[in-house]
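Here come two complexes built around subunit A, the first alongside subunit B, the second alongside subunit C.
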Partner chain A sequence: MFTNYSKLKKYLIFAILVGPAVLLRFSTSLYPIFRTIYLSFFDHNLMEQVHRYIGLNNYTSLLNDQTIIDVIGFTLAFITISVILQLVLGMVVANLLNTKFIGRKIVRTLNLLPWVIPVIVSGYVFRWMLNADYGLITDWVFRLSGKEVQFLIDSFLARGSLILLNVWRNTPFMAIVLLAGLQSIPEELYEAAKIDGANWFQRFLNITLPASSSTIVTLGLFNIIWQIANIDIILGLTQGGPGSSTTVIAYRIYQLGMQWFNWGRASALSVYLLLIVAVISLIALYLYRKFEFTS
Partner chain B sequence: MKSQKTRNKILLYFGISVFVFIILVPIYWLFLTALTPRTQLFSVPPNYFPDFTFDNFINLASQVPFLSYLTNSMIFSVGAVLVSVILSFLAAYGFARIEIPGSNILLFALVLTMAIPEIVTVVPLFQILRNFNMIDTIRGLILVMGSVLIPFSVWVLVTFVKRVPVEIEEAAIVDGATLPQVLFYIVIPAMKPSLVTVTIINFINAWNNLLYPLVFSSSIKAKTLTVSITEIFQARTPYGRPWELISTLGVTMVLPMIILVFVAQKGIVSGLTSGSLD
Partner chain C sequence: MFKRKGKFLVTLVVLAILLVSVNLVTFAADELIVGVGGWAVEPTKRALEELNFTEKTGIEVTVTTRPGSPPEFISQMTSSILGGQTPYDVIDLEDDAAINFSRSGWLVDLDPIYDEEFWADWTPGMLEMVDTWNRYEGELFRIPHNYETQYFFYRKDILEEKGLEVPQSWEEMIEVGKELTTDEMYAFSDGLAKGGYLGVYVSYLTQQAGGNPFDFGPELREALKFIHDMIYEYEIFPSSALNKDFDQVNNDFVNDRVAMMRMWPYFFDYQEAQEDWYSDDKVGVALPPKGPESRSTFVASWGWAIPNTSDKIDAAKTFIEFMTSVENAPKLAEMNTWFLSPRHSIMEEINVEESRLASNLKKYSDAGVIASRPFHPNFRQASSIVEELSSAYLTNQISLDEVIERGQQQMQALEE
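On to the complex of A and B.
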């Protein structure tokens, strides 16, 4: 298309078509990142009305703060455990939805629900269900075990609850994508494996998994990044507590920047978060290439 | 052999039941709480069969400017969808049809901005919006949200543009049609299903967005339902938090999404998976 156009005209049409989207997106994403990096070198506090260059002070003082180290540690644990659970359960659900059964269409539709419900709402619902006095799940656990468990007051259980909610919300999304991967695998492969006597688990391990690897990696990547960046889930379920036991990096940035107005430190922590995201992206990109070449 | 088959079938339906149960319990509890009279809400054990009432909806409407927030949410979501879908469609067409050195890298960079955590850009965006006098306006919210939705939309739409056979467009150009005519009469009709899909997914994302209105809105002028629910959550009553009002507002936010999913299940799935599989 447009091959017989003059070079200038081609460039012009391209600029008109692509320009607005690129300009809007870059000016509200790339520019802010440079601005964030710039601000991270300043003691910039909106409340105290200061703006003073302090070099790397924000960076070093963050790393000298044991709370921040804990927050970074919990973020990594939260993401790793969540993503592993989502991939495993997502694969189970995808296989389930790929089998023929009565009502499959409705179940596939229901599968989408956790993902389209506003995160803040599901956060509050889970908080209500885990309520120490009147919660639904608290009641069930009491009936089954005879123990009155205070899910959101104990820090270990609060962390577990956060992961539970995160898995509830994001597994369906993983399942949809993995299901699409499964459906792209030719039926003959499975038939042949069945004839060779491979059981369900062997078929999964030797056919399903390798064939959906690139999908898993691509979506795993974006899913990890979306989950790392999400603060709604914490705002809804725990607000970072008890103490700061369920605070993730993104939520701490929100607190630093929007509640305590310490924009300098918020920016420095943002840069740390960006570095983590960049590392994850590079690893995923590398794995993605590797899979593409081998499959 | 036969008993094995029956056993597998029982196992399958058991698995599906567990799955559906886990998905539906929180949603069921949300709706039930919204319909429970406040006096029956705080009981041990929880009241599984309360007397149903719609009083909570009336109370909600009397305590928060619900209609204003609903209108704001609507304008915000529709606006962000229009900005993102129109700009992304034009860009996707450009990327798919015009070969220019470096255009692939530009596309890659654009899609990669999907990985930028929103929270990282919030402070500078606040300053930008302030400089343009767009703090606490829906215009400002639409602009930043529209921008967030662009990379995903372009990513999906580029693959769909490439599926439209280019020959028809070329023939039309040879016959003297202008580019806007080609887009309007050939490309858009051919891409209608994918455009609808992207529209729906973007609408869901905008409707559910909390961060931007939470940070950039300060009055009834630009607060959305997602902000409103966090404010109701902050309220304390002698019983504790007003869970019946939180749930009632939650239901009004969730219901449009549930309807959308049931109407457009197929489109949503095809949109989510197309970009990742090509």
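On to the complex of A and C.
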């Protein structure tokens, strides 16, 4: 009896301590997910004030919309190119910051500047810098090449500008995290490799890269998820245009839900996004385990 | 141990006092919050001061800026209202947002404020606009304080210098445009950025072609082709306009980079504010060049509304009644063109010949070119569809056939 009472007390304390956290997690994460899935099966529109079950209609009508197909295509391209460039450039910057030179601490701090500027501010600033008539960058390009380039009007250049701005902003953070990984690699390994006659590229390929692989995969995974939810940079720089050429899924969900009040369709598109995130996460987790064991 | 506990308790008490005082201050601020576009803050404040609103009603008012672009403003209000709050007790609403909010049941019915005598002050054209754009299911959700049409501005001095006449049709726009365009100056321009700008020009031209842009019919095709030709074939319209809003185009006009443009009436005040540049013989206002069907130019309006999440609805109604009364409307219109409309009381009081805006409004009205704005019950999304596809075509991403095909599909999905 005493034992049972003691156990019960233990469970009770456990429930009291853990309960609020579970409740908080449920209300802020699980509930919105289930609610979104539920709404995706309804014609739920604030403007029409309707809530009518329509099965999979929201899902099929989204796939019949060529603009949405284009949006999904650009989202995948935006994420893939951004993440690859951020990781590659992040690794380059991390290696540079890992070498010994005068003023290294100041340079490491300065490196983080683009990342600490609020995203929406970066978007608006670059919108002006890339402006076809008054833009600073446009002017530089004109002086160098004699060509008037319309960065935010040509759809290809607008996409490129958006991706490069995103890379410029996030690379410093990638570099700092990768730098932390590089600093944990024992110096002796490099010295031994040097004695064995390995050049810098061989040392990078056979020591730095394997030792950083789990950091790269983890960072890559988080970065993919952050990029998927990225709308403020688009809102600031292009507002999804010209046309819908720089619209990503998250931005379209924002338009459907917050501007057009069509919550049923916005929810269905969110579920598609959830599925994309789930698939990418599974692949990344598989890679993470693989690289963890290898390294 | 006691010391640490004591410190902890003292900190808690201080925090509690701070929180309570902040709340008391918040509740004590019993002012009516009026949200208007940035350009209307000072005129509204001045109007309230000059008409002694607070003295007469005992209501303190804070006039504050609301986001100017409809998509931004709609997003702000949506999250507030769904959370049972509102950042403003009275809002100055444009057509886009008014349609969204009224259909969502978020605005207070204003009909009880007004009687027959009040409505007798309104012209039939204005009443028609009130019914289409300001009533839903019989309830008046917004009361317009202005009645804006779009004007065709041209550089009188430059046309005279080159011996050219103001174009009277789309064809003449091309001919005159070729003569006027130089390395420094384009003949025409307009705000063609997405976000509520491009849709205006496309609707304006589609209406002149005899159609409604939301139908995605041959008239829209004709209007888009006309813009595309002006930009790429005749090069009389800058392609950079595809990323410009109205303010940027106004800026181009007063910096001698554009010779002619369609613009909302706030340009009258804007040009006069450029004291070093402006003179009476520099800028003229002509009737819109005739399209394949008409010379029409549509009207839009801004008006007062009350979100039903406001906790000062009675005071808000008093404010609106005061600002729109037959007695005060003419005084307000004399103070600023932001409050100008062709209501009988205003037209009787105001000196039409002296007011550039009023005289041009009369000129347009007499010529019969003022038309209703193309309406759609889901105006914001329908406009976004028109803008997105038009922008894609005008930046050479898709063909005209694709615009029409995709547009019809998307509008059908919207109506289902």
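Here, the second predicted complex is superposed on the first by the 274 of 295 C-alpha atoms of A that agree within 3 Å, B and C clash if a C-alpha of one lies under 4 Å from a C-alpha of the other, contacts with A are read in each partner's own complex, and residues count from 1 in each chain.
Following the convention adopted for this analysis, a residue touches a chain if its C-beta (ideal position, glycine included) is under 8 Å from a C-beta of that chain, and two chains touch if they have at least 3 such contacts.
Bear in mind that the values here come from a model prediction, so they are computed numbers and not experimental data.
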Partner chain(s) touched by A:119 [first = subunit B, second = subunit C, both, neither]: first
Which of subunit B and subunit C A:133 touches, first, second, both or neither: both
Contacts of A:255 with subunit B and subunit C, given as first, second, both or neither: second
Partner chain(s) touched by A:245 [first = subunit B, second = subunit C, both, neither]: second
First, second, both or neither for A:98, with subunit B first and subunit C second: neither
Partner chain in contact with A:29 - subunit B first, subunit C second, else both or neither: first
Contact breadth on subunit A, by residue count: subunit C or subunit B: B
Touching partner for A:61 - first (subunit B), second (subunit C), both, neither: second
Residues on subunit A lying within both footprints (that of subunit B and that of subunit C): 131, 133, 254, 258
Complex contacts: residues of subunit A adjacent to subunit B: 1-2, 10-11, 13-14, 16-18, 20-22, 24-26, 28-33, 35-36, 39, 92-93, 96, 99, 101, 103, 105, 107-114, 116-122, 124-126, 128-129, 131, 133-136, 139, 142-143, 168, 172-173, 176-177, 180-181, 184, 215, 218-219, 221-222, 225, 228-229, 231-232, 235, 250, 253-254, 257-258, 263, 266-267, 270, 273-274, 277, 281
Touch list for subunit C against partner subunit A, complex: 71, 74-75, 78-79, 100, 103-105, 193-195, 238-240, 242-243, 252, 378, 380-381, 384, 388-389, 391-395, 397-398, 406, 409-410, 413
Partner subunit A, residues of subunit B touching it in the complex: 12-13, 15-16, 19-20, 22-27, 29-30, 33, 41-46, 83, 87-88, 90-91, 93-95, 97-98, 100, 103, 106, 110, 112-125, 127-128, 143-144, 146-147, 150-151, 154, 166, 169-170, 173, 179, 204, 207-208, 210-211, 214-215, 226, 229-230, 233, 240, 243, 246-247, 250, 253-254, 257-258, 260-262, 265, 268-269, 272-273, 276-277
Partner subunit C, residues of subunit A touching it in the complex: 46-49, 61, 64-67, 131-133, 150, 152-155, 239-245, 254-255, 258-262
